[in-house]
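To start, I am sharing the structure in question, which I have written as structure tokens.
Think of it as A, B, C and D in the order they're written, each chain with its own count starting at 1.
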Amino acid sequence: MDAIEKIARKYFGNEVTARDRAIFEGAITLGAIFHQFTGLPLQKSLIPLVQELIEKTMSIQPFIQKITVKINEKEVRDHDHSYDYSVLTGDLLELEVISQYENARVHFGMKYVKELDFPLMFIKKIEKI
Amino acid sequence: MDAIEKIARKYFGNEVTARDRAIFEGAITLGAIFHQFTGLPLQKSLIPLVQELIEKTMSIQPFIQKITVKINEKEVRDHDHSYDYSVLTGDLLELEVISQYENARVHFGMKYVKELDFPLMFIKKIEKI
Amino acid sequence: MDAIEKIARKYFGNEVTARDRAIFEGAITLGAIFHQFTGLPLQKSLIPLVQELIEKTMSIQPFIQKITVKINEKEVRDHDHSYDYSVLTGDLLELEVISQYENARVHFGMKYVKELDFPLMFIKKIEKI
Amino acid sequence: MDAIEKIARKYFGNEVTARDRAIFEGAITLGAIFHQFTGLPLQKSLIPLVQELIEKTMSIQPFIQKITVKINEKEVRDHDHSYDYSVLTGDLLELEVISQYENARVHFGMKYVKELDFPLMFIKKIEKI
């Protein structure tokens, strides 16, 4: 553990394990992505750029290893006239996030679940590596 | 477990425990608060209203039991003229969040840590209840 | 014109009139409200608090005289279970903003226009007072 | 004026000129950029991508002709360790926006003004073309 992480670690309870911590860090990033980017103006041709931007900026957050963003293209408008564009909402977003803290690696997802009518965030898999 | 939660549960790995889940849900809310409210115009007299709004709206999120928000009043401007007001940043925010999933209850915090020059989010305590 | 406004005024072109300026300041606030608050978790019982918060915080912005926010209650969910809540979008928002700069007062609106399938922002009236 | 714009136009007062309208549309975009992107995690190497993303997504808004974004690189951290990154604030942003409605073209700016300790938005020039 480096000197910087030792300072941070003092704020965490002693019972917090690497597994707890990896879950914690990845979940923060899921919540952050949703609330940072909803409201963004969007059209079909800009989807690759928006996906890349979210992946790269949000991967800066502590202990995030990889982010994959997929915006549901079928639901995004084409921009035929001035008022014809979409705005990013959680329902349009599909996310995969991988976090790692020491030997714990956690895989997260987010996608719109029709039965819940809700963009659900979830933990797909917890690995010991 | 109610019918709705059974639907959600199918998206989570089988290895995910109540403890994992409580950490997950609370951490999402920490990330969400930071990215939803940074940028908000602010002056001293509005601090109690802003604190209440964050506490109440963000407690709607799944499995959040309690949120306490403290905005650092000393750093907020007084509004003596048109351009004299603050904008909410993470450094001004102190947060406490409690989440609960089944018998696991988790206490989280966020505050600006001078040594890191960073608004650190952390897990204070994990309880079995 | 006070000393502070004299500093700000140096950045504006000489051709900018009080009318231009009042339009400018009110329109900034419309754009700001939309992009600050979309994504906010919402349920019916919190509508009055959210409306008050938007009105008061965004009225801090320069030369804004009055803001009235109406969230379309019929479209907001009731919160019967953990995943049953709404998220604020532009389509749910109805706004009235009044700005004033010297003797120019401008009345703005925003509402969802079905024919455009778009939350349209517009200038309702320009007054000389 | 096309059919779509005729629908929008009905919501505007009759006294609203092309000049008024061009000011209105550009100012909305200034307010929108500030409140959409503050809070974004940032490091030096991502500045060109963030600038491009803001320019392209926000140019989708009605009657926006061109946006130029400059993020103050000197104030952005380098990312030497997990907690060492910046978050976008208005003070780091320098913006140029050009809007056009019929024969009116308006040039806007935003930059941090030290004397005001405020990221000031302003109208640089109004042209008849």
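The working rule: a contact is a pair of C-beta atoms (placed from the backbone, for glycine too) under 8 Å apart; a residue touches a chain by one contact, two chains touch by 3 or more.
Please read all numbers here as calculations on a predicted model, not as lab measurements.
The pair from B-D, A-D or B-C that reproduces the interface of A-C, where over half of the contact pairs by residue number are the same, turns out to be B-D.
Among the other chains, B has the CA centre that is most remote from the centre of chain D.
Our note on geometry: chain B versus chain C, Cα centroid distance of 26 Å, whole angstroms.
Per-chain Cα centroids separate chain A from chain B by 17 Å.
Computed from the mean C-alpha positions, the centre of chain B lies at a distance of 29 Å from the centre of chain D. Within chain A, the positions touching two or more other chains are listed as 4, 8, 32, 34-36, 39, 83-84, 116, 120. Contact residues of chain B toward chain C in the complex are 2, 4-5, 8, 32, 36, 39-43, 46, 49-50, 52-53, 56-58, 60-63, 79, 81-85. By the touch criterion stated above, chain B contacts chain A in their complex at residues 4, 7-8, 11-13, 15-16, 19-21, 23-36, 109, 113, 115-116, 120-126.
Contacts from chain D toward chain B in the complex involve residues 34-35, 38-39, 83-84, 87, 89-90, 116, 118, 120.
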